[in-house]
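Heads up, the next two complexes both have chain A, just with different partners, chain B and then chain C.
Then we have the complex of A and B:
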């Protein structure tokens, strides 16, 4: 199995705080890998370090075998990684149309109506809000716009940080459908606290605790191991954590 | 009524000139979060370079281009050489840009002397007309038209081009722009150069407008531009336009009726705006990057 992303002993600081203290895992191609752990375990920092917002102090980050740890964020994005941060994932003052144009780097060559149309088919809400500022959308619509922005670029790798946070059940189910639809064509590294959602979409998991990788493996295995969930997440998926 | 009209037209003329420098300052702040206290220095050098060149060549249009170019070159050197290392270091930025402002103000005396230079109006723009009892000065109207054209071009650039869209996105969330694969650092340089060029261009226009250029003109204009940007809302070009016209007209009336209170009233207007709307007339609360 080919691994698209590899992290090997990554350490990273934010200010004087040592957040990542040895994160190592591999993300298989065309699968959904979920990054889990309690609040403060280092999940978001891991994504931000992969994206170059945080410089790794030690360790290696590779994409398709090539080191990307020293690259700047825009260079990493150009290597083929789309990133959806947990918050501020859309440009609020730009219209829905402009948000998609920003995300679609190839749009500078001209408009690509077929890609835009695909997004409109996938996210019907956005068609109606085409000329509205993104800031006027509901939380769920913003999340869908962020997802559409990530997808329109057709980047092979997606890093998605807690997409279900604050969403209504209807949007969460929509999100699950979209993420399931990505399997087989995109490689996804997903940060998600919702064990039910993770169980619905993820093939593999990586568990972080106190800035270190403590477990990794098949998602189904995690769903069956209540002791792991209790120890590292403080929840039981089988009791309906939705 | 004639006095009123004369003061309004004079205020709009001053406002057009203020707008050119305030627009650059607000663009730079909006995207880079840099309060550029050296902006007045770029205006000063634009003014001197254009005045000197016009004196030597009598080529007014060339002088305007060279004034804008001088601002842009100094701006790029400043951004690449100094400020690029100090993004997100607010206090250091203020100290550095203030230092650069003093250096630019003092250094201009080396080639051009301490007494300033006369800056004659080009003959083809030196007419004036009497309409009723109102004097219409051609160069003043020229400045107003240029200010309006620059506003329209900036509006087109920001609203109708991809670069403008990237700048607006960068003002809101520079980190997310990078995640789109766009090197925001290069966009920073472009915006800084554009803002600096506008300052230099304003300086080039200001020489004939005021009749002379002096080493102190940069510091004077810096204060006015800063007040305008705060009133209009930091980062808003539309705010810079409205703020410039407001300050221009208020200053015009105060200078006529209560000259000693002119600066005080301008600062009071800023204070009132800040009390009622802390982000300025057209400013918006910023999203965290």
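Then we have the complex of A and C:
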């Protein structure tokens, strides 16, 4: 099995605080890998380090075998990674249309109206809000717009940070459908606290604790191991939010 | 089709009215005032490209305006006000503005907003000091400034007015095309959410530099025309008050609207002129800058989007977005 992303002993600091203290895992191609752990385990920092927002202090980050740890964020994005942060993920003063065009209009790739149309089909809410400023959308609509922005550029790798946070159950189910639809065509590294959602979409998992990789493997295995869920997440799937 | 014809007809009519305005208003002081409005209008539109479309606040934009004014002034003086010296002055102004903006961009654009503003202020003030220094007196005439003569074909109020008006129209047209181009949309994205733009694979530094260079070229050429209109240039063009003035023109007109800069320049310069006239009769208007202060506070409080920004907001964003989309499809 080909691995698209590889992290090997990655250490990273934010200011004087050492957040990542040896994160190592591999993300298989065309699968959904979920990055799990308690609050403060280093999940978001791991994504930000992969994207180059945080410089790794030690260790290696590779994409398709090539080191990307020293590249700037925009260069990493151009290697084929779309990043959907947890917050601040839309352009509030621009309209929905402009947001999508912005995401689609990568410098090297030109503009593709048919991709915008496909996103409209996928996210019906956005079609109705086409001309509205993104800042006036509801939280769920903003999340869908952010998801559409991440998908529209058709980057092979998606890093998604807690997409279900604050969403209503209806939007969460829609999100599950969308993420399931990506399987087989995109490689997804997902940060998610919702064990039920992770169980619905993920093929493999990586468990972080205190900035270190403590477990990794098949998602089904994690769902069956209530002791792991209790130990590292403090919950288990049957009690997870639906 | 019909809509396009109406649009072209309106543009031609506006152009004709603009060119005939001095004959309507009677010329003299009004023509001089209009020349100032158009040169400062172009200067303010160049500033709006930075502030309104890219989210960059510069306190040293006068360095470009002043550089253009001094280069044109020196070229005209040294070249005995020939047409060749005018052309050389304009070309040299463009070359120097590109070099200057690249250097300042390299020094400052990677900095956060406040540090960027401080660096531009420092560089701008350096030019102010240099222009007044004794070391450069043979070229700049130090604090006495330079009196400039213009080529024969420009030796009338109307010719200078036409030059300023056509320059302003050209700047408005070209900058409008630029801000609605894909690069213009990317600049708006940088203004809105720079970190997100980086994650989308855009080299933010490169786009900011492009905006800075274009803005610098326009501001430099506006300065070059200013010296032709005024026939005099002094260190005042480099002063921080010039940068603050253009900032206020842009804010009052409406940031992110482009044409708001021209409107702001018109409002401020015409108001300054009227207050100065009134001061002859009513001494209280001698301190009209206090009234300006009140005006600025009122605009910020009640029209935070500026005059044109508020008007456009009232007309509705939908119409503009639809137009934007149609123009890009």
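By definition in this document, the second predicted complex is superposed on the first by the 234 of 242 C-alpha atoms of A that agree within 3 Å, B and C clash if a C-alpha of one lies under 4 Å from a C-alpha of the other, contacts with A are read in each partner's own complex, and residues count from 1 in each chain.
Rule of thumb we're sticking to: contacts are C-beta pairs under 8 Å (C-beta built on N, C-alpha and C of every residue); 3 or more make two chains touch, one makes a residue touch a chain.
Remember, predicted model here, so these are calculated numbers, not experimental data.
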With the two complexes overlaid on their shared chain, look at chain A and say whether chain B and chain C clash or fit. clash
Check whether A:210 is in contact with chain B, with chain C, with both or with neither, and answer first, second, both or neither. neither
Considering only the touch criterion stated at the top, classify A:154 as touching first (chain B), second (chain C), both, or neither. neither
Does chain A have more residues touched by chain B or by chain C? C
After superposition on the shared chain, which partner residues are touched by A:113: those of chain B (first), chain C (second), both, or neither? second
Between chain B (first) and chain C (second), which, if any, makes contact with A:51: first, second, both or neither? both
Looking at A:97 after the superposition, I want to know if it touches chain B, chain C, both of them or none. Which is it: first, second, both, neither? second
Report for A:125: first if it touches chain B alone, second if chain C alone, otherwise both or neither. neither
Is A:78 contacted by the first partner chain B, the second partner chain C, both or neither? both
Shared contact residues on chain A, chain B side and chain C side combined as an intersection? 51, 53, 72-74, 77-78, 82-83, 85, 88-89, 91-94, 98, 101-103, 105, 108, 153
For a test of understanding, state which residues of chain C touch chain A in their complex under the given definition. 182, 185-186, 188-189, 191-193, 195-204, 317-318, 321-322, 324-325, 328-329
Along chain A, where are the residues that touch chain C in the complex? 51, 53, 72-74, 77-78, 82-83, 85, 88-95, 97-98, 101-103, 105-108, 111, 113, 130-133, 149, 153
Which part of chain A faces chain B closely enough to touch in the complex? 51-53, 72-74, 77-78, 82-83, 85, 87-89, 91-94, 98, 101-103, 105, 108, 153
Spell out the residues on chain B that touch chain A in their complex, using ranges where they run on. 162, 165-166, 168-169, 171-173, 175-185, 284, 287-289
